[in-house]
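Have a look at the structure below, then the notes.
Going by the order they are written in, the chains are A, B, C and D; count residues from 1 in each one.
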Amino acid sequence: MMSSSEMREKCGVFGVFNHPLAADLTYYGLHALQHRGQESAGIVASDGERFHFHKALGLVTHVFTRDILDRLRGTMAIGHVRYGSAGESGGQNSQPLVFKYRAGDLAVAHNGSLVNAAYERELLHQQGSIFQTATDTEVIAHLLARSAKQHFSEAAPEVLKKIQGSFALLMMTEKQLFVALDRHGLRPLSLGKLGDAIVVASETCALNAVDATYWRDVEPGEWLLIDEDGIQTGRFAEAEKKSLCSFELVYFARADSKIDGKSVLAVRKELGRTLARERAADADMVVAVPESSVPAALGYAEQLGIPYELGLIKNPYVGRTFIEPTQDLRELAVRLKLSAVREVIEGKRIVLVDDSIVRGTTSKRIVGLLREAGAKEVHVRISSPMVKDPCYYGIDMADKEELLANRWAEEEAMGASIGADSLAFLSERGMSDVLNIGLSEGSHHCLACFNGQYPTQLY
Amino acid sequence: MMSSSEMREKCGVFGVFNHPLAADLTYYGLHALQHRGQESAGIVASDGERFHFHKALGLVTHVFTRDILDRLRGTMAIGHVRYGSAGESGGQNSQPLVFKYRAGDLAVAHNGSLVNAAYERELLHQQGSIFQTATDTEVIAHLLARSAKQHFSEAAPEVLKKIQGSFALLMMTEKQLFVALDRHGLRPLSLGKLGDAIVVASETCALNAVDATYWRDVEPGEWLLIDEDGIQTGRFAEAEKKSLCSFELVYFARADSKIDGKSVLAVRKELGRTLARERAADADMVVAVPESSVPAALGYAEQLGIPYELGLIKNPYVGRTFIEPTQDLRELAVRLKLSAVREVIEGKRIVLVDDSIVRGTTSKRIVGLLREAGAKEVHVRISSPMVKDPCYYGIDMADKEELLANRWAEEEAMGASIGADSLAFLSERGMSDVLNIGLSEGSHHCLACFNGQYPTQLY
Amino acid sequence: MMSSSEMREKCGVFGVFNHPLAADLTYYGLHALQHRGQESAGIVASDGERFHFHKALGLVTHVFTRDILDRLRGTMAIGHVRYGSAGESGGQNSQPLVFKYRAGDLAVAHNGSLVNAAYERELLHQQGSIFQTATDTEVIAHLLARSAKQHFSEAAPEVLKKIQGSFALLMMTEKQLFVALDRHGLRPLSLGKLGDAIVVASETCALNAVDATYWRDVEPGEWLLIDEDGIQTGRFAEAEKKSLCSFELVYFARADSKIDGKSVLAVRKELGRTLARERAADADMVVAVPESSVPAALGYAEQLGIPYELGLIKNPYVGRTFIEPTQDLRELAVRLKLSAVREVIEGKRIVLVDDSIVRGTTSKRIVGLLREAGAKEVHVRISSPMVKDPCYYGIDMADKEELLANRWAEEEAMGASIGADSLAFLSERGMSDVLNIGLSEGSHHCLACFNGQYPTQLY
Amino acid sequence: MMSSSEMREKCGVFGVFNHPLAADLTYYGLHALQHRGQESAGIVASDGERFHFHKALGLVTHVFTRDILDRLRGTMAIGHVRYGSAGESGGQNSQPLVFKYRAGDLAVAHNGSLVNAAYERELLHQQGSIFQTATDTEVIAHLLARSAKQHFSEAAPEVLKKIQGSFALLMMTEKQLFVALDRHGLRPLSLGKLGDAIVVASETCALNAVDATYWRDVEPGEWLLIDEDGIQTGRFAEAEKKSLCSFELVYFARADSKIDGKSVLAVRKELGRTLARERAADADMVVAVPESSVPAALGYAEQLGIPYELGLIKNPYVGRTFIEPTQDLRELAVRLKLSAVREVIEGKRIVLVDDSIVRGTTSKRIVGLLREAGAKEVHVRISSPMVKDPCYYGIDMADKEELLANRWAEEEAMGASIGADSLAFLSERGMSDVLNIGLSEGSHHCLACFNGQYPTQLY
């Protein structure tokens, strides 16, 4: 699934405790997490007395300069990259959010989505709170400020009991770093060590980027308070069955990350292999939708012994500032981003492997590109099940009625609608078998968008 | 007093109700108020349903473009220009502040300083409020959100009873414009009409700029609520003795504004005349410190029949982005901004008229420039009394011990310290006589920085 | 004449030889010359081996930053500020121009206009030269590069013989600074000393700004070659009658400059006095069009014993990025830049003193402002004669038929056309008498735009 | 070879004749050629009467906005993307260059390097030409302007006879588009048709991007003059043996381009296969240095039946504005750009396929990354011969003595120096066999950097 316009993960978080170059490390960590959000970036550093921060719309490499990093003094820092939300202009919602409250300064960086945010926000409004952003994250800060507990170390765990949904959460005061993960473990969050420093990141690829050693994942329902007295841990909830978002493994996470102890790359390849076993296609070659579907395509090809070929090339320079063609040149839109290699494709029967289909718009265009390039047959294979239900935990799927799987009853009709000779999805069972390998008993992955079984109460 | 680094007025506010080009008018209105604050500018417009806003660091002409103005749709708008406050980087404190609270959207623009802001802020912190700015203005929003009154129209007047100090205040909801002035009338605030539209501005020069007709000043302790049902007015406090800041008349306001029914230009000229009567100097010519002191200098010259000459020329292009000379060229600093005309000055006995002296640093430099240009004598005459006490209502004076008047007991020693042959100030009585002309009984001007008599309780 | 859109001087130049902070000084020098051109600014420094330069559209304070200045290393530098020319976007024409030619690197900064530029350009085209700018200045560089003389020191004076018109010219090679002034001395150019450094500037106000001591003016037809061997001077033309542009004294130059040994301020005041003697008006007060006409207005008032009053206030923040009102608010245009003070004007008979009238558009608007503010009578007095002929030496007057003086036969009709009760100009004789004071025999000022007598051949 | 710092192709060119959206198409065409140059971008459009142009430092998507494109009116346009050259700051060298000469306006865009540029430049200097850039391209414009032929259509072909080296050249006057390729055909240049419009581009991927139909390649020594009278073609040189740069096929061109009638992707894969036949390695998997080496790696793997695995992941967000780690974090440099996947690599014997080695610095770092990730053996295989000689036709290789192949006599020592268990290069014969497939008799590719046989005279 190449199109960022169809499905959107909201954020990446990164934090450092006890390193003289905390802001620099956070810059590199966020850079490694850039795939998790390209709209805004921010870093808050603490020198033990006060905060120094900078955040703005844009990529990490555009938001920060050497001068700015140099001003972000201190041995602690947290950072955030974020995907856009509708209707905002200006970056008021950029994270980490920074507040002053009765106990001092507070910075909050959050990846996820609270299902009871609107409810809690309304309660807070009734008690006289004012909000400056439309974020769930600001709700967390308000709850903290209103906690009956006076000390941050006591108030922070209390607040976590009130919020429901998905959250990989970093909070920072002048001297403390607080880390927590929702009780279902819906979002990934890993800890690392770098000499005497503690590092925390949404994905292990960011730990690798700063040469930190992977220590362990934060557990569902767990919190950690890190300050000069050491690391204190606790639970704000009994560990429920772990339900990490399966889309992280299928699409969001970077291939070189390890999630839940498993290589993302290996999982994707295995999904491709399983898909091949379930839904083989008689074809001359396997082509991937670059870049996220390459591992699944390799697995699919390997399993069936069909060659994997580079039939589609992505223009690496398509970014946020790209000027989309106006009406008269509209038909160019897809080919400016992706190009089919005629010499590879022409006259061939193609298996096009993608990791997921949401609305099907992009798939239809890509099938069209392959047809134009002379493909004899195009068989689309998807290395995950049909997406039928919306996500309430931070993934902006299309509206339910726009989902391809809800517009057609049968795979065959779906396939026809995107112009493919055949279309087949990985089975839910097939996916579970791959994802559940190595999980502790009772744990599984959240498959709500595929099967409608939501791990949390909904509001 | 030419130096903005010695004394600083904090803000200018402007608002429009019921005009199809509300944001454009606000742009021009703020532009006319630019002298009241050059650090940041912002406009919030309401289309009746939602806000559209933009604010940033910089001059009005830099912050806004045609494109941005076009996006600020709606028939209501409020705007703000602001002087810098120490320690901020990034513009988080730029106004108007925008909030969401239980009743909807709220924008607040404020000129002034609350003497009980720290106290109220602490109370709010204890009740669990979180703050995103260091402004007094955010305190007002919190009080509003926590008011026992549910409706904005009831809550807003209530809040005004809790805040003390100086405030010319504009608040806007999706459909309502609220205007209020502190009970002492410390800051100016005038109403105008432009066809069917209502306009409100810190100074009448901004009404003139948009071709609005002056209607009347907002009265101390008065509020107005303007919406589609009309204009509702009320009082949150008995009218106390009016105590408009005398520095507005002496220095801050633009010469073409009318404050308290009096022409600022005429008042300044009369202060110069009175000064001449009190403290004549035997000299060949009168020279003004440009620009604000020109009227007083004209009055001084006229009264004594001494010629007024352009002995000092100001470089109009010195602005915020000017690169100050480094150490090796430090001595150039003053001459890059101001230049003495040797052909005028040489061999002459000069009366240098300035409107005020705070720390005396700039005065010393200007006297030096005149000496270098060959002045035979330099007699400094100040068209206001000695500044001896700090202002708690929005003017950033120097620290009390830095004030020239507190470092030397006598005028003579003060004059010597700035290199002048003589130095003389307008008497407090002389100033009062000029300022009080035409004031209603009981009213007067705040002279606290001159005589230490503060009109409000201090905290 | 406040409007820069009616008449435009093209440039200011500044140069430094032998100072460790050559680029810094040039920055401050250009800043003092900013009134001579606001469109672009540039500095070229030489470290003796190579050039370092920066130029861009914008004010001096916007074009340069501390970082940029620090990169402009070397002990020599020349700089340039420039007014806009039609049709350019992007700044290709910004000066100093920098070239590589057979002898090495060359930088050229030029104030003036060559009457034979088109002719020489065509000759050069026919010989195969290519041009990157539309400037006269590039013609000079081509002529130099094609000179039969191999050495810069010989070629440069030769080139000057071929060019006609007005030029105050700075050229720089890696090790040499070359200064020259056209044979008529149409543009001002002054030399100064600052310790061991030599400084050259379009106006003495820039020498003062960097604390250089005025040494002497460059003479018409003179050149100077300054390098480590000292200063060599010569003539490329017999000194003709000096004909410095009278508009420099009337309008362009900064009031604190000294041109031709005379204080600009004093000259302007004397023009006002002479105007008063020639064309007295029976009025209550004298009002100046700010800023350039203030000295003439003071002189006019002084001569007649009528009070000078601040009836018009200019908004100092109107600049290039100001958003002009769109159609619906068009009538605001003039009042956003200039404001009449009703309290001063109302019911009064006003003499409005301006330094010149070109098309009359602005004058008409200003008279209108005064009328709106309640003026009983408005008598316009101009401290220079009628402008009837175009300038070919660097001043962009309007087209000949657009000049107010060419649209009406009589002062009376002209006055009526701008809404004035009366209009009167200074006589040519009156102007000459003032300007010629102190000039050496045979010298005079160029009055071509007033009387059509051009000092040079025209093409 | 992932590192752009080791070897640099200079440019891409694109042109359109007779299309109402010429500038838009050029924008998309340049965007598809972005891999050929990331430092600056420029477009010149002609509306038949005059040019409209814009160029600046930065990526195509940063340099142009919708507003700017809209101003580039006209039905003809040429564009250019360019790699950086040392020592420039500011973008004066950005192309297309725009000149005025005797016949009117001229724009020039050039990909390549002239071996006699310095010689011709010196001749031109002696004849009095002045240069504003350090580019070879400006030499071409000077020669054109000095041609004995008066008409562009005659002069342009003449000039081509004087310049030697590599050039894919576009020139434009107000009404004509001129296209030419050097006599050796060292750089690629293809023609396409889009309805009634003619399109020309450095690579066919840019024709595809704008949906143009590939028409044919420009032939070595050929020129085309396209205007409203049609297309005129001619030769300025007998077709010599064609010698297209082999590095275009190995590394520079985008994989979906077709060069010389051959799919770049297919050629690279075949180079990998041939390499496998020549220099098989006993290993568990094949890993590519992303992105350019993926096809060769696939070919290598396929030939030997070893699995191709994604052992290295590239961070797609590393760009020009990336802040390189300071001294204390220097060891992070390579891992921020490239990441080895431990789960894939650990305990395995790896064949690392790269397309070329220049200095070997990057190869050494990548081998190190694989070792850290637990690789048991690392065998480096290069799908081109050793680079031993500098390129004079536009590729910035390292200095000759820095080339890895010149620092060690044997492959074994080279391999050891980069930490590999073995290192092997494709033979020159092996490369020629692949590249020469389908070439017309006598044609071949330029292999000068591999074997020192330069197709042109050197100066």
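The rule is short, and it goes like this: a residue touches a chain if its C-beta (ideal position, glycine included) is under 8 Å from a C-beta of that chain, and two chains touch if they have at least 3 such contacts.
The structure displayed is predicted, hence computed values, not measured ones.
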Rounded to the nearest 5 degrees, the rotation mapping the CA atoms of chain B onto those of chain D is 180
Per mean C-alpha coordinates, the chain lying farthest from chain C is A
Separation of the C-alpha centres, chain A versus chain C, in whole Å, is 61
Distance in whole angstrom between the CA centres of chain B and chain C is 36
Cα centre of chain C to Cα centre of chain D, whole Å, reads 49
Chains touch in the following pairs A-B, A-D, B-C, C-D
Chain A residues touching chain B in their complex are 54, 71, 89-90, 92, 98-102, 106, 122, 125-132, 134, 141-142, 145-147
In the complex, chain A touches chain D at residues 20-21, 24-25, 27-28, 31-32, 34-35, 59-62, 64-66, 69, 205, 208-211, 254-256, 258, 263, 265-266, 291, 294-295, 298, 302, 307-310, 313, 315-319, 321-323, 325-326, 328-329, 331-332, 335-336, 339-344
